[in-house]
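Below you'll find the structures, each written out as structure tokens.
Each of the next two complexes has chain A plus one other chain: chain B in the first, chain C in the second.
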Partner chain A sequence: MVVSTPSRSGAWRGAERGGGDGGGGRITRLIPVRLRRVGLPYLLILPAVLLELLIHLVPMVIGVGMSFLKLTQFFIRNWLAAPFAGLGNYRVAVDVDSAVGAALLHSFLVTVAFTLLAVGLSWLFGMCGAVLMQRPFRGRGVLRTLFLVPYALPIYAGVITWSFMFQRDSGMINHVLVEQLHLTDEHPFWLIGGNSFASLVVVAVWRLWPFAFLVLTAGLQNIPEDLYEASAIDGASWWRQVRTITLPLLRPVNQVLVLVLFLWNFNDFNTPYVLFGKSAPREADLISIHIYQSSFVTWNFGSGAAMSVLLLLFLLLVTTVYLALTTRRRIRA
Partner chain B sequence: MREPRWLPWARVIFLGLLGLFTLTPLYVMATSALKPLRDVQGDFSWIPVTVTLQPFSDMWRTVPLARYFVNSLVVASISAVASVVVAVFAAYAVSRYRFRGRRIFSVAVLSTQMFPGILFLLPLFMIFVNLGNALGVELYGSRLALIITYLTFSLPFSIWMLVGYFDSVPTALDEAAQVDGSGPIGALLRVVIPAAMPGIIAVTIYAFMTAWGEVLFASVMTDESTRTLAVGLQAYATQNDVYWNQVMAASLVVSVPVVAGFLLLQRYLVQGLTAGAVK
Partner chain C sequence: MRTRKLGFMTAAMSMAGALVLATSACGGDDSGSAGSDRPVTLTYWASNQGPSLEADKQVLQPELDRFEKQTGIKVNVEVVPWSDLLNRILAATTSGQGPDVLNIGNTWSASLQATGAFVPFDDAALAALGGKERFLGPSLAATGAAGQPPTAVPIYGMTYGLFYNKKMFADAGIDGPPKTWDELIADGKKLTRDGKWGLAVEGASVSENAHHAFIFGQQHGADLFDSSGKAQFDSPQQVAAVKQYIDLMAVRKIVNPGNAEYANGTEAIQDFVTGKAAMLMWQSIASSVKAAGVSEDDFGLAPIPLPDPGAGGRQVNGMVAGINLAVFKHTKNSDAAMKFVAFMTGKEAQQTLNKAYGSLPTVNDAYDDPAFQTPTIKAFQQILANTAAPLPQVPDESQFETLVGTAMNQMFADAAAGKPITDEYVKAKLSDAKQQMTGGN
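What follows is the complex of A and B.
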């Protein structure tokens, strides 16, 4: 696609200059119009293509290149002078006996656990919410709008509020748990230590379940009402309708939704960064923030780039397998 | 639909709990913003003992919030408008023309969404530093770099939504315009864009929200003079004393523009998602 764009739009521009809009007979005007129909779409997508190239594809290629370099702070301004490292950065990253590799593996496992929980709960809340609000009732519109507010809030505003609520001495969570419910006598820490993982999951679900809710609500609106009416005449129960109409017809929506939720959570940087600041606790050390730290705190860009490439390969693998499995099953069904 | 007898109860209980979970932080934000500093440092209270508007005036002095606000406003507005212009042209091509590479283009653009930001953050940082060195301008840390970057973040979703909207505008309309003497671009400007205006507004607001809320690139690609709210809001928390009441007041104020925009857009967003899901 990228290769063919410049040549085609170039051909179109040449034709435009030659033909012009001005006039001539009907037959000469036909030629530029035909050429225009070929070239115009490429010219229309050109800005988008160039921008995607500049911000996404070129940096990605460079990133892969960087991962083979010994790129430390001495070479930031002149990174081509950095010595070649071969697979050295990768070897260190996957060597679980080294400190770097062990930390990366730990961070990876934390991210897997976090993603499974956050995606599962966000989807479940969104699904239950959307299905329970499928039938109109008084106040449904208002409730829908309120449910969407966490998704509408700027990430940092919502997450910083949570970090206030999780404060040990002045936070709302400990006030409820200790002073109001008397569940413990001690004020637990929520932003450091083992609890920080739970805090992270709660905040991520709070932020993302409204998105699942929004998408599934839109998906439900595409299910024809007469399907429910016909099955009700056949005496189908509510639960049976959910299982035989709602869930199967939402399948294409769910396929995309779960994938998007997975990718967002696995790559999530914003939530831990705002919640914990630059150094996330070990128990909540998500992979994005881990790579960020190993790059910008130690200024070892080569190693950070190698870890990023490994992350991308993993995401590509999971996405491909996921799409292959879910699509095939859909065809068989 | 015949509902079992327990369902209304389950609905009330489940939606009630979900509402509590969703709205409690908003309540905490709003009430804490009205408390004096000593009341947010001690034990938490649900109902403010003393109500004051002081945090809303103090927050501008503790950190240069106004500057962050203007930076965010400039970056988010320009990138939103530019993103929509680029997306309109691309979506028009995808919706109205069957050209070779059409499918690859759509898939390639959407798939950039899955790249981990951290992967191209480092190279992009290097590109801007080195490009700036080569051109003799300070690109790294500039608003321009941030605007271009954010533009591409909203682009895939904007194109995808707009294709759905443009598809719903009958082609007979723009063909009629072309018969009347407009070129394809004339048809786009005079017929398709006006007909798809709700979608274009929705996408603009979406692009604005994306830029307004971005944290990762803002944390690396800004300096003190170009810092946006996403990073600037943390300045309250890095001082020795955390002015939580001011943090909450500032969070509330920076949320208002985007939440208001989102609530206006919500209907269109659902429509757009519905249109996109049909295809």
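What follows is the complex of A and C.
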């Protein structure tokens, strides 16, 4: 406090004396030296902070604010007029005895099961693909490119094709299963009923395993070749090499990969939306679609916002616990 | 201490400044503002009425050019696909940034009226359009809550009818369309053979299902909302109505179980137009018939059978479907926008556009054109004018469509999987839909 005052008044005096200077110099001199030195780094990251606030935090805060309002079509022109709902929206969402809460819980459980399966299978396929492609062989480049095609396709184009293939009467899947392989006599449904869950998992894995493959391939490049050579001289089998060299050295990559796959699948909106349309079958009612239905389509934005906040909290919790657990294990290891 | 505080203050202030800048940049679009000497330009969001967005634009553009020649007002049209239209309208309502004039599905009227985003058409505004009497009564009834001035005016009218394939009927030895529900089922059973089916439904389409729940609900005398606006989707009459529709697949077996996955609003028409099903309860199929390259004369149109008048239900066999035209309150060109509404509800534009889209004019004086004297259009007009009812004009209407329509998707899925569809089952599903409604509010 004491230090800053004289330096500031000095700056003022300087400004008075140099009245005829260019504008830039005057402004610089108006700011005390100490502040200039301390403030510069903050000034430099200010644009980034502002953009971050604008793009991420502000909408999030608005969303949280919405979740405390009884925001229906009556108030969307002027949100401030919407009556305060307190925790009402949350109470409805977590009350599993009510129809709304029960549906949300069901959708949550479906999403958990879907995410576990989709992440597990995507990782397994990606890992197998990456390990099998680790050693150079003829045609490796072509195969790698081929494997990445689902990831490079626009989501809509890829998933709508799947939805055509899954059609009961004219789809290719049933044509192969029934007309050609004669596995069943009846044409099963794939887009409605219990099978729709399996369809969703298949499409999600098809779409995301190339990403796992890509990341793991990159991770494998960093494992020194001599480790494999040394272990081969010691007589280690291929499987032992995978277990004792590849997997432990990929742990940091896996830590991030599994987390990202988890978040993407848990939040996936596009795949079910394109596959099933506006209302997903009950057996494949993923939570993002469910929230969309219970807010946008039914004009109850406060309730949808409350569900979104709950989802956000859950994902934050899982991420924190996951990072804490995996990081500690890594340090211990 | 003070320097740190000062630093924080500067940061906070520049942040606030940036926010203000950003918002004013959003609000700075005054391309259509009046009061200058520049010619007025209106932005118009049109709904997708024809086979594609581009086709719609080609239909609309000559009319818009004619409007510009008459008034000097230029209209920039954007045809918005149905999948986006409601989202776009809600976004425009929230932000106050949007078109001057726009099309809305008429079932959204009361819901959107509740937002207060549109200019109400009071008696003076309606008089400028030629008066209430010019409009088709049922269409004008589907423009907002009863007792309030319409929030929009109807421009394209439509309703449901029973299309039938004349040749398939003749081949099965049936001499005309069914007149009662029992006849429809008997005919359907005769027509269901050799891989062909009596009737096609869009079983996973939320809106189609909800519309049929409403039509048959009316026939059973059910009211979806009581007089205080409270949902009552699971009344015994409504249960019977929904079961009657699901039974077409579950019990009567005249609908292909595969129809339970038809979701995008085109597959049932395809089945009908390509001869895989002999009947279809639908709105206009003109553009699909044209696209399939078959003749419209192959198909006949009859009213959906009415219930026995003695049974206590209402004599309703269609809903008042259609498109309404609304003016956004935030428009800076309300005079020009009203002129455009007058133009679009004018006789000439009504005739040209409804002819192109295969829909019905919503003003009486447009019907003198021979194009509206074809058997199909005449049959539709009779239904719309006499036995069609508008969906409940209450703000919660869209929730009804979503919740009941979705519940019926599940019923069709279960029916297709061979599960028995009982009264208790239908009632449980509809009660669940009702509870989500009350719970969500």
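As a working rule, the second predicted complex is superposed on the first by the 284 of 333 C-alpha atoms of A that agree within 3 Å, B and C clash if a C-alpha of one lies under 4 Å from a C-alpha of the other, contacts with A are read in each partner's own complex, and residues count from 1 in each chain.
Methods note: a contact is a pair of C-beta atoms (placed from the backbone, for glycine too) under 8 Å apart; a residue touches a chain by one contact, two chains touch by 3 or more.
If you're wondering where the values come from, they're calculated on a predicted model, not measured in any experiment.
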item	value
Chain B versus chain C as contact partner of A:Pro281, first or second or both or neither	second
Partner chain in contact with A:Leu191 - chain B first, chain C second, else both or neither	second
First (chain B), second (chain C), both or neither touched by A:Ser122	neither
First (chain B), second (chain C), both or neither touched by A:Leu54	both
Which superposed partner A:Pro150 touches (first chain B, second chain C, both, neither)	first
Contacts of A:Ser308 with chain B and chain C, given as first, second, both or neither	first
Larger contact residue set on chain A - chain B or chain C	B
Partner chain(s) touched by A:Ala218 [first = chain B, second = chain C, both, neither]	first
Touching partner for A:Met66 - first (chain B), second (chain C), both, neither	first
Partner chain(s) touched by A:Val38 [first = chain B, second = chain C, both, neither]	both
Common ground on chain A, meaning residues reached by chain C in one complex and by chain B in the other	1, 4, 38, 42, 54, 76-77, 79, 167, 169, 277, 296
Residue numbers on chain A that touch chain C, as the complex places them	1, 4, 32, 34-35, 38-39, 42, 46, 50, 53-54, 72-74, 76-77, 79, 92, 98-101, 103, 167-169, 187, 189, 191-193, 276-279, 281-282, 293-294, 296-300, 303
In the complex, chain C residues that touch chain A	1-4, 6-7, 10-11, 14-15, 18-19, 22, 87, 90, 93-94, 96, 111-112, 114-117, 204, 206, 256-258, 260-261, 263-264, 395, 398-399, 402-403, 405-406, 409-410, 412-414, 416-417, 432, 435-437, 439-441
Of all residues in chain A, those that touch chain B in their complex	1, 4-5, 21, 36-38, 40-42, 44-45, 47-49, 51-52, 54-60, 62-63, 66, 76-77, 79, 125, 128-129, 132-133, 135, 143, 145-158, 160-165, 167, 169-172, 174-175, 179, 206, 210, 214-215, 217-219, 221-222, 228, 232, 236-239, 241, 252-253, 260, 263, 266-267, 269-270, 273-274, 277, 288, 291-292, 295-296, 301, 304-305, 308-309, 311-312, 315, 319
Chain B to chain A touching residues, read off their complex	1-4, 7, 10-11, 14-15, 18-19, 21-26, 28-29, 32, 40-45, 86-87, 89-90, 92-94, 96-97, 99-102, 104-105, 108-109, 112-124, 126-127, 129-130, 133, 148-149, 151-152, 155, 159, 183-184, 209, 212-213, 215-216, 219-220, 229-230, 233-234, 237-238, 244, 247-248, 251-252, 254-255, 258-259, 262-263, 266, 269-270, 273-274, 277-278
